[in-house]
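Take a look at these structures.
Shared chain: chain A. Partners: chain B in the first complex, chain C in the second.
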Partner chain A sequence: MAYNVLIVDDSQTMRKVIRKTVSLSGFEIGDCWEAGNGQEALDILRTCWVDLILTDLNMPVMNGLEMVKELVKDEIYRKIPVVLITTEGSEPRIEEAYALGIKGYIQKPFYPEAIRDTLLRIMEAPHHD
Partner chain B sequence: MTKEIETKTLMIASQVFETMFFIPIEVQQEDDKRGDDTLRFFSAFFRGEIGFSGKQSGRLVVSIPIGLAKTMASNFLGLDESSVTHSQVFDVVNELCNVVCGNLFARIDKKTVWTLTVPQTREVTGYTFENGFEDDSLIVRFYAEGYPVHIQIRFTPSG
Partner chain C sequence: MKAEWINPFLEATVSVLKTMASVDPVPGKPYIKQGTSATGDVSGVVGITGDTEGSICITFSRSSILFIISQMLGEQQVEINDEVKDAVGELTNMISGDSRRRLEEAGYHFQGAIPTVISGHGHEIKHITKGPILSIPFNTQAGPFTVEVCFK
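== the complex of A and B ==
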């Protein structure tokens, strides 16, 4: 099954690498959109059907946590699984992200297998919403 | 503390270079004097810089010869080196700073929330490495693909 994915990262290069790595990992991508920050991601969500959001944490304009806070306010958006892909490793911030409702966390640098395993675990869970 | 930071920086650099760029690093031995001067032989560098704050604050700077940075970008993006753009190389050096700095401080103290600034990379010409910082900065040296790489960490004095 292919999933529509939204990749949120302020580095265009990093977005391309994540997209490529996810594809190479064997996780099937349908449509894929890219956003440079949380606000751009919310704009995309208004017009596109997204099954999964992969987001960085530290970004200008609207960071990853601020974006998740906006997502959970919306009945539909809150059901979209969010996975952090970030260099962030401090426990308080990761705990805050999980408390807000993220479904997974992958620390950079990452192996394709780590991405595949995390994404499949989340997307193939019986009730991932 | 200095030795701990140096050891962790090298461990992280090794992991990052192998995972992201498929390049093993060679750690400089104490009796190896190459690292003190070899960067001087390069006419230009990429110099990536990122600020950090948490329990302590300061800056982390990565200096990389241009040839190595292009190879890293090529490997990272899976593109032929000739088709990698200047902008992509800058992005890759920025990402390197981000990943090394983020991982380093998470390993130094996981319980602290460390805030990182947006990394910035610029090309530096006619550069003498030691002029980049005051003498009290920690400099971690290693080689990758035969090129010297320096990571400098300087903590802002408290008080």
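== the complex of A and C ==
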């Protein structure tokens, strides 16, 4: 099954690398959108049906945690699984993100297998929403 | 600077490039750098705070960075453009983050700032503190790069 994915990262290069790595991992992507920060991601969500959000934590304008806080306020957006892909290793921030409802956390640098395993675990869970 | 702080930077550099670009850099003998001139054509610099203060710089030769980013993106890169500079910033961030995680396992706590990227042949590197600059040279099949670590 193919999933529509939104990649949120302020680095254009990293968005490209994540997209390539997810494809290489064998996880099937349907449509794929990219945003440079949380606000751009929220704007995309207004017009595009997204099954999964992969987001960085530290970004200008609106960071990953701020974006998740906005998502959980909305009845529809809060059902979209969010996975953090970040170099940030600070436990309190990761714990805060999990408390807000993120479904997974992948640390950069990453192997394709780590991405595939995490994404399949989340998307193939019986009631991932 | 404590000797046990060197290995985390060395290991993180090898790990990040291997994981993200399938490049196996070979470390050379570390030395104390004199002066401020960069040995490479493009450099990423990031400040570190916590148990002590300092900065890390990764300075790449043109040939090595074009090879590394080509590998990373799966697209041939022929010039140091904005995309390559963006990737240098990301690599610096990942090496800094991975080093800090390794240092944390040894009981040291550091936070990293946002990296800055400087390019141009013969550019200068300004480290945040005035301590000795430890340089760790690396070689790849496409050319050299150097990791500089400078703490109070």
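Here, the second predicted complex is superposed on the first by the 129 of 129 C-alpha atoms of A that agree within 3 Å, B and C clash if a C-alpha of one lies under 4 Å from a C-alpha of the other, contacts with A are read in each partner's own complex, and residues count from 1 in each chain.
The rule is short, and it goes like this: contacts are C-beta pairs under 8 Å (C-beta built on N, C-alpha and C of every residue); 3 or more make two chains touch, one makes a residue touch a chain.
Keep in mind that what you see is a predicted model, and the values were worked out from it rather than measured.
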Three-chain arrangement built on chain A, chain B and chain C clash or fit: clash
Touch test for A:Lys20: chain B only (first), chain C only (second), both, or neither? both
Pick one for A:Pro109: touches chain B only (first), chain C only (second), both, or neither. both
Which partner does A:Arg93 contact after superposing on A: first (chain B), second (chain C), both, neither? first
Between chain B (first) and chain C (second), which does A:Ser11 come into contact with in this model arrangement: first, second, both, or neither? both
Can you list the residues of chain A that touch chain B in one structure and chain C in the other? 11-14, 16-17, 20, 58, 87-90, 107-111
Which residues, counting only chain A, touch chain B once they are in their complex? 10-14, 16-17, 20, 58, 60, 86-93, 107-111
Could you pull out which chain C residues touch chain A in their complex? 15-16, 19-20, 69, 72-74, 83, 86-87, 89-90, 93-94, 96-98, 100-101, 104, 111, 114
Parts of chain A lying in touch with chain C, wherever the complex brings them together: 11-14, 16-17, 20, 58, 87-90, 107-111
Going by the contact rule at the top, pick out the chain B residues touching chain A in the complex. 15-16, 19-20, 54, 73, 76-78, 88, 91-92, 94-95, 98-99, 101-103, 105-107, 109-116, 118
